[in-house]
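Paired with chain B in one complex and with chain C in the other, chain A is shared by the two complexes that follow.
Then we have the complex of A and B:
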């Protein structure tokens, strides 16, 4: 087991290196840089930027250096000083910006994951054990609706409904009075009061998907000879189902742990923008639009690192739970 | 212990009908099968694939998958000092049948590897079988389990105890399954083609093991197989099934040397023989087993029977002709012979 984990950790190093290069290269790929965006903006406001000024700015931001020079400047800062560089757009250290958005993003994604599991698990289990029952059909219908309706539609619908029915605004994660307040119990409760809306919206598709996966897996497992064999030795149905087929059907729950974060950040930018959530998704979107390369690159890098760690975690969990994985079956 | 009475029945199946209602119509997998398993006896059920052998065996323990159901017949289970119990009348999910499964009647299956869950060690599943029916502590169950593993001929049982099914060979897994079946000293062991998935040498070892255990414990065995070689090895009595009905019953010697039913004769005729000459073509039974939803009228075997009498076999259900207490055949030829005599 320790060798397994050790080997997996070693594999992470080249993976992360490759990710950092690719992330940086993709951000650099579109023509222009932050300065061209800035100049365009200044010009639109009627200001002229002289060539000298431009060169001074380029030198200041290090934008006159070649690609590998810029990459080295960025990555060495991260590796040796935990310094992710300066955000051009916000004129603040990237580290500060990420430190604000990332914890909330993680709280949101972990909560979404747990809620998804809590809802999907019993429904999927029931759907499989009582296949073609009324409740199974209801779960299936709701599940497909959840999969089919885009999340931002649900977000807009919910916002409209809450506003017209209760006069409530469901955007953001904090009420205005707590937004810039330091952390205390009131702020925590306020967060809990706001969190359920994005969790519900972001969780629908995942819940629906997991219900389908669990149901399909469990239906396969319920027909396996070891289920009949356990029944033949006099085991009660309820205990049997939980001990044998459910154990196997659990695997997709665990193996998807690692994907939660990237899905939340890349896939749910629209929802986060609509609900004006202070998470990394909208931050990344803005950074990309204004070619704020250190900010964008750092967000992508950090999310990738978390994804790789998440995948490692789910692999370790899977190996711990499933002897076939642990003992290298086939 | 009094010597076991030869005709002292342990399990009596009479007129069993197990049907599967599908969208395409009712599949009569077992349609009026009757057989008796006496105490301390091995009864082999033989027949081609799809003749209802397995469904008959599974009906005994109520292990029929949806949409199958026992629609008629009795499965009388004779317990010592107690009234016979009709297993067919019990709910397949109820506690009565559950208390019989594994304790009084145990079962061994066709695919040993798949019959063990890969998520738990074989020792865990063996201890579970013990603890389901016996009030013992974990440690007691563990030492009982190790004894069982030793008894079914597993070398180094302490090591094998912690192994997973996918780390063991098919033969080992089947030994584990037999150990699980023996956990509570059942009066009847149902073996549903326990050697079909194994290679020939392993088959022989498993057959020997089952025969030894049967002799040692005096339990009865209901052995399902399509392999007449296995039947010759292990059976005391033989039940030949065709399309969900029993066509012939008899002692193992009577079946092999004095088969009455044309189907039994045809089955025996299709065994390859040593010294029959390499150029000799193997005799086969004409045609295929019809699908149970498409059952021929009259005698189900008549379209494939060389001795079929037109106008009789395709019209009339053949009567059961009884030759002795455990000897009968379901064929008009013998009925006619009888009436002539």
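Then we have the complex of A and C:
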């Protein structure tokens, strides 16, 4: 088991390195460097920039150095000092901005993941055991629709429906009175009252996918000789299904975290912008639109790294659950 | 055995594989329906100028956010008059917000005809023509079957024109990712060893990063000065860069399992060169499967383009795609006045669903080992 984890962690290093290079390339991509954009912006606001300040900034980001030098300045600042640079749009350190938005993104993603499991598991189980029943057909159709309808269409439709039918706004994560309030029980309940909308919207595609996978896996498993043998020995149908086939078919729940998580984070960008949630998605979008590249690059970096770590955790969990995976890596 | 059954049997035995696939595919009703709808959508894309009542840029500031008109066949206002027509609008302006609202003005009948003369265009960019499938008999009359947007442009025409960009961006993107996927997946599966390890890490890397943030980053990095055509190709390349991974995995898996098959070994022993073994013997044995995979990856591309354009970082006006059209439907205030602006989303859903059904059916039909 330890060898397995060790190997996976080692494999992660080149991936993390590649992610950081891509994120930095995105920071560098727009024409002109960070400094000229900043100076232009400050001058547009009527502020004078002194030569000393300019030189300090130039030294901080290593702007006179070649690409790899600048990259090293950037990544070492992040790794050793948690310094992600300065957002010139907000005129605040990137670290602060991300620290505000990231926890909400994580809460949203993890909640969605859990809800996805909670919904997909019973439905997938039922539609496999009762294949071709009415409920199975309904689940399959809904699953197909859930995969085909883009997240943001669901968001738009729901927003319109709630507005026209109940005059209700479903945007945001907090009611106005709690937005700047410190954390307390009321704020938590308020968050829970708002969170279900994005969770529901984000969860549809993942739920639909999981139902299909679970159903297919379970159907394969239920036809295997050991199930027939157990049935021939008079084992009760309920125990028969739950004891082994379900445990084998459960694997996708863990292993798909690897692709559900990136998809969630991706979907979050769009859905959160429509519903104007205070998460990393709209922050990223805004940063990209105004070419606030240190902020944008840092968000891409952090979100990707978190996804990779999430995938690693799911792999470890899968190896712990399934000896075949663990032994395959020996 | 009678002659008829014998010829039938030999017919089945000697039928080429594509015919077997077709026979199998035809039995799958949902897939057939999906394929038919897909075909129709591509025909719409091909004949967009002819099918759309007006061009994408035609606007009429008098009719901002005009609601959809109902098409009537029988006019009962004075006796019985047969003929396609719609009713005009009566406009009221809110005195405070100046936002227009409309009621149907039954006293004004606008006659609608088929194959009417309208704006001139070049069919396929070559043949100059001025006929439109449907439109008002007097050019310039308000005709908004699916409503109008904030500039008084006809949504129906814009959706029809958007079909072209939205549907082809999927095809072009898939072509790019097809080549990347087949070449890299092929190397990975056929040669194996270190190349396999490197390519697999690459695939895992692309699969493990959230795609939309990356797309957004890359799309935002495109120079603002680029024209619509350059932007279009840049976006397809960006989409393809992420989309090839699935295909590469499929191809690799197939090559791995085929490498040990008898017919491959015997081809090697017969002295076939490596390219000949790959392209002459191995690839043809799973072409149909590849085509199915490709069909299934088109919808993902369409969705991705829609999402990118919706967020304002993909294609940009004056180019019209479904995603660009949906950009208008972003906030609830606009939606409350003009819910029909969500209709391009319906087009996306129909296209994606039918491509999915067709692809699923094709995959089932293409698998010769399935019962």
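Just so it is clear, the second predicted complex is superposed on the first by the 283 of 330 C-alpha atoms of A that agree within 3 Å, B and C clash if a C-alpha of one lies under 4 Å from a C-alpha of the other, contacts with A are read in each partner's own complex, and residues count from 1 in each chain.
FYI, contacts are C-beta pairs under 8 Å (C-beta built on N, C-alpha and C of every residue); 3 or more make two chains touch, one makes a residue touch a chain.
Everything numeric in this text was worked out from a predicted model, so none of it was measured.
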Combined model on chain A where chain B meets chain C, clash or fit: fit
Vertex chain A; arms to chain B and chain C (CA centroids, nearest 10 degrees): 80
Contacts of A:285 with chain B and chain C, given as first, second, both or neither: second
Chain B versus chain C as contact partner of A:97, first or second or both or neither: neither
Which of chain B and chain C A:26 touches, first, second, both or neither: second
Which superposed partner A:273 touches (first chain B, second chain C, both, neither): second
Partner chain(s) touched by A:197 [first = chain B, second = chain C, both, neither]: neither
First, second, both or neither for A:317, with chain B first and chain C second: neither
When both partners are placed on the shared chain, which of chain B and chain C touches more of chain A: C
Shortest CA-CA distance between chain B and chain C [superposed frame, angstrom]: 13
Chain C residues touching chain A - in the complex, by the definition given at the top: 201, 204-205, 207-214, 216-218, 220-221, 223, 299, 303, 306-307, 310-313, 326, 329-330, 332, 335-336, 339, 342, 345, 348-349, 352-353, 356-357
Residues on chain A engaged by chain B in the complex (per definition of touch): 223-226, 228-237, 243-244, 247-248, 322-324, 327, 329
Complex contacts: residues of chain A adjacent to chain C: 11, 14-15, 18-19, 22-23, 26, 29-31, 144-145, 147-150, 152-153, 156-157, 159-160, 163-164, 169, 171, 258-259, 261-263, 265-267, 269-270, 273-274, 284-285, 288-289, 291, 296-297, 299-300, 303-304, 307-308, 311
Interface residues, chain B side, partner chain A - complex: 61, 63, 65, 93, 98-103, 106-107, 109-111, 114-121, 125, 128-129, 132-133, 164, 166-167, 177, 180-181, 183
